[in-house]
Amino acid sequence: MNRFIRNRTFPFISPGLAVEVEGLSKTFDGRTVLDSIGIAVPRGCLTVLIGPSGCGKTTLLRCLNGLDVFDCGRVTIAGITVERPQLSGKRWEQTIRAVRRKVGIVFQSFNLFPHLTVLDNLTLAPRTVKGESREQAETRAMELLKLVGLADKVGAYPDFLSGGQQQRVAIARALAMEPEVILYDEPTSAIDEERVDEVLDVMEALDARDMTQVVVTHEIAFAREVAEHVVFLDEGAVVEEGPPEQVLTDPLHPRTRKFLRRFLATLHNPPPTTAP
Amino acid sequence: MSRLVGGAVIALLVLTVARSAGADALERVRQTGVLRWGSDAEGGAPYVFPDPADPTRIIGYELELMEHVARELGVRAEMVQNSWDGLIPGLGRHDYELAVNGIEITADRAAVVAFSEPYYAATEQLAVRRDETALRCLGDLGGRKVGTLKATAAERILRERGDLEVVTYDSQLSPYEDMALGRIDAVLMDFPIALYYGQLNPKVRLTDCEVGEVLYGMAFRQEDEALRREVNAALDRLQRAGVLRQIYEEWGLWNDATANLLGEPQRVLRHASKYEAYLRSMKQELPLAEMVARYGSYLPILGRGALMTIAISGLAMLLAVLLGLVLALMRMYGPWWLRWCAVVYIEAIRGTPLLIQLYLIFYGLPNLGIRLSPFFAALIGLGCNYAVYEAENYRAGIQSVAAAQAEAALSLGMSPRQAFLHVILPQAFRVVIPPVTNDFIALFKDSSLVSVITLVELTKAYGMLAATYYDYIGIGLMAAALYFLMGYPFSFLARRVEKRLAKAKR
Amino acid sequence: MNRFIRNRTFPFISPGLAVEVEGLSKTFDGRTVLDSIGIAVPRGCLTVLIGPSGCGKTTLLRCLNGLDVFDCGRVTIAGITVERPQLSGKRWEQTIRAVRRKVGIVFQSFNLFPHLTVLDNLTLAPRTVKGESREQAETRAMELLKLVGLADKVGAYPDFLSGGQQQRVAIARALAMEPEVILYDEPTSAIDEERVDEVLDVMEALDARDMTQVVVTHEIAFAREVAEHVVFLDEGAVVEEGPPEQVLTDPLHPRTRKFLRRFLATLHNPPPTTAP
Amino acid sequence: MSRLVGGAVIALLVLTVARSAGADALERVRQTGVLRWGSDAEGGAPYVFPDPADPTRIIGYELELMEHVARELGVRAEMVQNSWDGLIPGLGRHDYELAVNGIEITADRAAVVAFSEPYYAATEQLAVRRDETALRCLGDLGGRKVGTLKATAAERILRERGDLEVVTYDSQLSPYEDMALGRIDAVLMDFPIALYYGQLNPKVRLTDCEVGEVLYGMAFRQEDEALRREVNAALDRLQRAGVLRQIYEEWGLWNDATANLLGEPQRVLRHASKYEAYLRSMKQELPLAEMVARYGSYLPILGRGALMTIAISGLAMLLAVLLGLVLALMRMYGPWWLRWCAVVYIEAIRGTPLLIQLYLIFYGLPNLGIRLSPFFAALIGLGCNYAVYEAENYRAGIQSVAAAQAEAALSLGMSPRQAFLHVILPQAFRVVIPPVTNDFIALFKDSSLVSVITLVELTKAYGMLAATYYDYIGIGLMAAALYFLMGYPFSFLARRVEKRLAKAKR
């Protein structure tokens, strides 16, 4: 029951890949965290990354927009190719900056700007980076805030928002830059059942507009709903990938099975229910 | 360390004065049509001083004298204020062409500068308490205490006579007051001072005992032969035209010594109109209302001084803030060599005292051909010095902002510059307010040092007024109040801003 | 299939209440966030708080251990009664301090001490507050870290941990003080399917030891598994409470139904599955 | 402002000296068995100075003299170092019972202190260049330049004769060097100085022209009648026993003036052993090796000075850090009145210059019966001053730590104190390192001010040595190096610590 199937503009005939990762490796002081990862995300497709805690999901996202610098491998994202170690120094900086203008990210820990109101959090980047006028930026900001159900918090400071409210502001802030690709790290970690719908609506809308989205999540149910493509990472390596109905409901790889054990269990003997 | 070095530096600078060459002064005066002469209005009456009746006006017999001299040369006279000790070094900076302020012609001064013909001769005048009718002259003072100014002819004269106790003072007023209070028994001072400071005190009687004699001369740079000759000629003409005599008479300064000096009859022709005006405006016991009014009348001068202090402190702080920011950035994000430069600059500046830096900039740089106006010298001296402290403060503040903030900004496509400007800096700002406030207030305080380089800021203005009205406490309090009024709003403002910014914090 | 039913020492015959909240109200600059809340949590019982984002869950937890000061009402927790506005000033401080020694909390945003290693994060409080010896504190710390599967991160600094790792450290830190009552704010927000088991195991173990636990979560599935008692908050007021099988599977109150809509949906027509 | 106030304060303090009462000094000396006398080893040879042969030893004819005087009184002599200008104020502080350092008996000094009978009479000795065989005495110097020390009898004498140019100096050495370089033509100085500083210079010839005469006396507090009488008696006995004569002869100081003063034959009996020893150790042109060795021999003294600087700066910083912390806490968490106190203290201290604060503590407090040892006075002065700046720095650092951290700590049951100690402070620490480093280095610099209150720290030690060996550059560089060696490790350490703490940051 993937709400996206309905309006899926079949990704595999859509013009080429939005994100292509080849042999990407990353070590933190000696410890290998990502081990020659290879991923291909078609344009306009919503891909979900799942995997055990500490397997490298966040690091992978951070590598995609250059917050972490991977050691070697090639990443092509939003039409720009970053190849390491060839690319480095000034040239790397410039390239990565171009990438960041087209790739948005929603952090697991939100990282809102505490000294700015919600509204300014959303308008700062469009105005400084894109040189938009205040009006322009603010109107879009307001739309986005409505979209995530926070129209009433425009003037509030992040410190005074609840967890879920902060997370939604973070999502809106990323969208405000109208990126081609957007990376979410646990976008629903603080968002409740009800609100999740709103987030889903947002993703759906973006998907309809052919935006490429990469979502890291640990909520399989959620994954199952949004994913058009699922990648399962473990210990920094891709273990299995494919369409959700396959990877999530009957995975081939034993490691994946083990990881999904509980979810599959609920799936195959649903809880007792009293009729509605 | 510092102080010794300081001494060395200053000595060196003063020595260089004589050497430092310059275009012919006379030429310059003719071209510019201005004769700039240095003097210190803190020196007091009757030389050059704020008019007691209207302290915003500077008057004095030497001022009038110089105006006539200038007219003789066919140019306009322009007085340049400088601290008395700085008058001769100031010549070396070519801030003015000559220094005129009751400067005694002495051998050791003559070693460094060239003097005009003496333009006034003063005897040393003995003053005693009214009731001491017995005391006529030095001879009657055996074993008594006699006061005078430090390092003057009077002091030397008194010391020669081993038979009396000499007590020396820094200000013209105090000796007379101490005498009135009975701390000392007599005061020996240059005639003009005795007349203008002694006479005022009802308890004081000027005896007609005059000893010794000093000659006042105008000090020139030794190389400025031509100009000196011209001025001497002018003085000569003025004397023959009777102008000198008129001035001295109106100021009540005509005395035998000067008469002999100028070779004129001793009896006085005119009555001392200006001296009496001075006495009137000083003597009168003021009713409270007018007393207040008088204090009010100081405000313009103190105010102007305060403005100078504010202007310098403010601009210097601005410079410090900006330069400091640059230094901090160099030190934090620059390539190794920039980082290295920053560190060296920081260590060097914070290792040497401000006063030395000021002297070097003001008296030292001219030898390299860089002649900064006093204002800029002060500005740069204070600014570059405080920049160092700001730099370190900022570094602390910036480092206190979480790295995640920068990441968030960059990942929105901002350039490092934008991220810094819009995200890091505003958050660091909040952290650095207290230390920066520290420094700004310290700066207000230190800015009083700039009076050594001819600027009249609040402290100097206070000194000038206090010397005129002998009112160190009253005017002192006013000055203190002004300092407070300058500094406090700032710390107040700082507190307010802190509060406002805190609004964003839970 | 509530794993706790099995070993549930029936809470309602267990000796009295561990947490009792009566008429608790809290306003933030005029806006009422909690509106005369009343809750009773039996000793040794695991209670789950659910509710839409911004409904006041976190604030309620913060009121329970005095991080937020409620305006009026009475809270009895771990045998200590805090009654406002009667109690205030110095006396309030002392009381609340006693409370805090017996009540642990796991923050939605972890709030680990960034200047301390994982181990020190766990041992600081026991050593300073309880005056335990280093050995004592460290042995327990190691046990707890094993429990949450982070034995290998003892020496790491929080900044270098992944989201899930940080969250698990936060849980361990709270447990290190051996509280009587423990409050979790979104304890699984960053923890994946697999790790959730470990967290469940922890909660189970604690439950067995008759520890009273209050859990704020937005993951209904999770709630359903752990809850012995469920409270549904909305707009700062208790809408409905009761045993999970009732509140979560067929709630009485329409607002609850609406909130649980999606969950109930999944529940009543489970996703298509291919046989294992 | 500050500077004027400063003048006032110091004047006031010096005046109070005479008044400040104290137990009978003689009694105290008898009880303690120690006769403390004040002197300045920077004054130079032959009075009291570091032995050129072994600069760690202080020697001088006045030192020997005082040891004999003490023995006469049946007690032990103990020299107390103080800056020359501070010698008389120091009496008022009862730091020592008398001041002995070639102090001329003059009327104005006699106004503040009581002098012993003169113990030595010096004539003013004229020195000229060897080649100037024509110059015999002042008479031959018409119009020439003559150098001497500022504010001495010699200066007064020279000024009396209008016929020559007087050039005054601050150090005993420079006039002779300037003469050797031809900048001046003659030098007139007290005989001992001429002998010890003039004689050394091969280009200099001491004429046998002696003019004027000054009497050296020991300065006592005016109330210490008894002690003074005792000392006078002792001097008398020593003179009759021929001890004075012996001392003066060994030091080569025996002269007619003193002979007459003591009423003894003028011819010299002994040969000037000590003077020659002095000449030997000064004259010899050293080969490099020994030159190095000599510089090495300065190290102990400079080293001891440096240790003092370190001790004071270190302890003062400690005080500042702790007191600052208290102030910061008062200001941030205290009830309104505590907060208010903190703010007032902060505003007051950072509003007034350190020097004044030192003077007040050292010379002012004794009038209130609080007599701090120089070391403690320095410590408290510096510490309390810098505490203010630390306080504001800490406030900044503490506020930069997120509130959530405190919450986390409290919710673990920690007391506010514990939370602050274990969670807030360590994180704030990292932020405040740079500004605190700023201050510590500034403090190293400012600590040289404490030499005004009798402490011999590095700067003072440098001054003493430089005055002995006339080597301002070489020794100056050594001192500078030492300052660097003191300051740099600290900023280095600071950088290291910063790095270490940064490890915890991503």
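Just so it is clear, A, B, C and D label the chains in written order, and each chain counts residues from 1 on its own.
One rule holds for everything that comes next: a residue touches a chain if its C-beta (ideal position, glycine included) is under 8 Å from a C-beta of that chain, and two chains touch if they have at least 3 such contacts.
Everything numeric here is computed off the predicted structure, so don't read it as measured data.
A.B. asks: Along touching chains only, what is the step distance from chain A to chain D?
C.D. replies: Minimum step count, chain A to chain D: 2.
A.B. asks: Centre-to-centre on C-alpha atoms, which chain is most distant from chain D?
C.D. replies: A
A.B. asks: Express in whole angstrom the distance between the two chain centres, defined as the mean CA positions of chain C and chain D.
C.D. replies: Whole-Å distance between the two chain centres: 69.
A.B. asks: For chain A and chain C, let me know how many angstrom lie between their CA-based centres, rounded off.
C.D. replies: 28
A.B. asks: Counting only Cα atoms for the centres, state how far chain B is from chain C in Å.
C.D. replies: The mean C-alpha positions of chain B and chain C differ by 72 Å.
A.B. asks: Can you list the chain D residues in contact with two or more other chains?
C.D. replies: Within chain D, the residues that touch at least two other chains are 404, 430, 505-506.
A.B. asks: Among the residues of chain C, which ones contact at least 2 other chains?
C.D. replies: 109, 160
A.B. asks: Are the chains arranged, by touching, as a line, ring, star, complete graph, or other?
C.D. replies: Chain contacts: single closed ring, each chain with exactly two partners.
A.B. asks: For this entry, which pairs of chains touch?
C.D. replies: A-B, A-C, B-D, C-D
A.B. asks: Considering the complex alone, what residue numbers of chain C touch chain D?
C.D. replies: 65, 67, 97, 100-101, 103-105, 107, 109, 111-116, 124-125, 128-129, 157, 159-160, 173-174, 177
A.B. asks: Which positions of chain C touch chain A when the two form their complex?
C.D. replies: Chain C reaches chain A through residues 1, 28, 50-54, 58, 108-109, 160, 162-165, 168, 185-186, 188-197, 218-221, 224, 249-250, 258-264, 266-274, 276.
A.B. asks: Which residues of chain B touch chain D in their complex?
C.D. replies: Answer in residue numbers: 1-5, 7-8, 106-108, 110-111, 145, 151, 156, 159-160, 162, 164-168, 170, 347, 350-351, 353, 388-389, 392-393, 395-397, 399-400, 403-404, 430-435, 437-438, 441-442, 445, 448, 458-459, 462-463, 472, 476, 479-480, 483, 487-488, 491, 505-506.
A.B. asks: Within their complex, state which residues of chain B touch chain A.
C.D. replies: So the residues of chain B in touch with chain A come to 404-405, 407-415, 418, 422-423, 426-427, 430, 501, 503-506.
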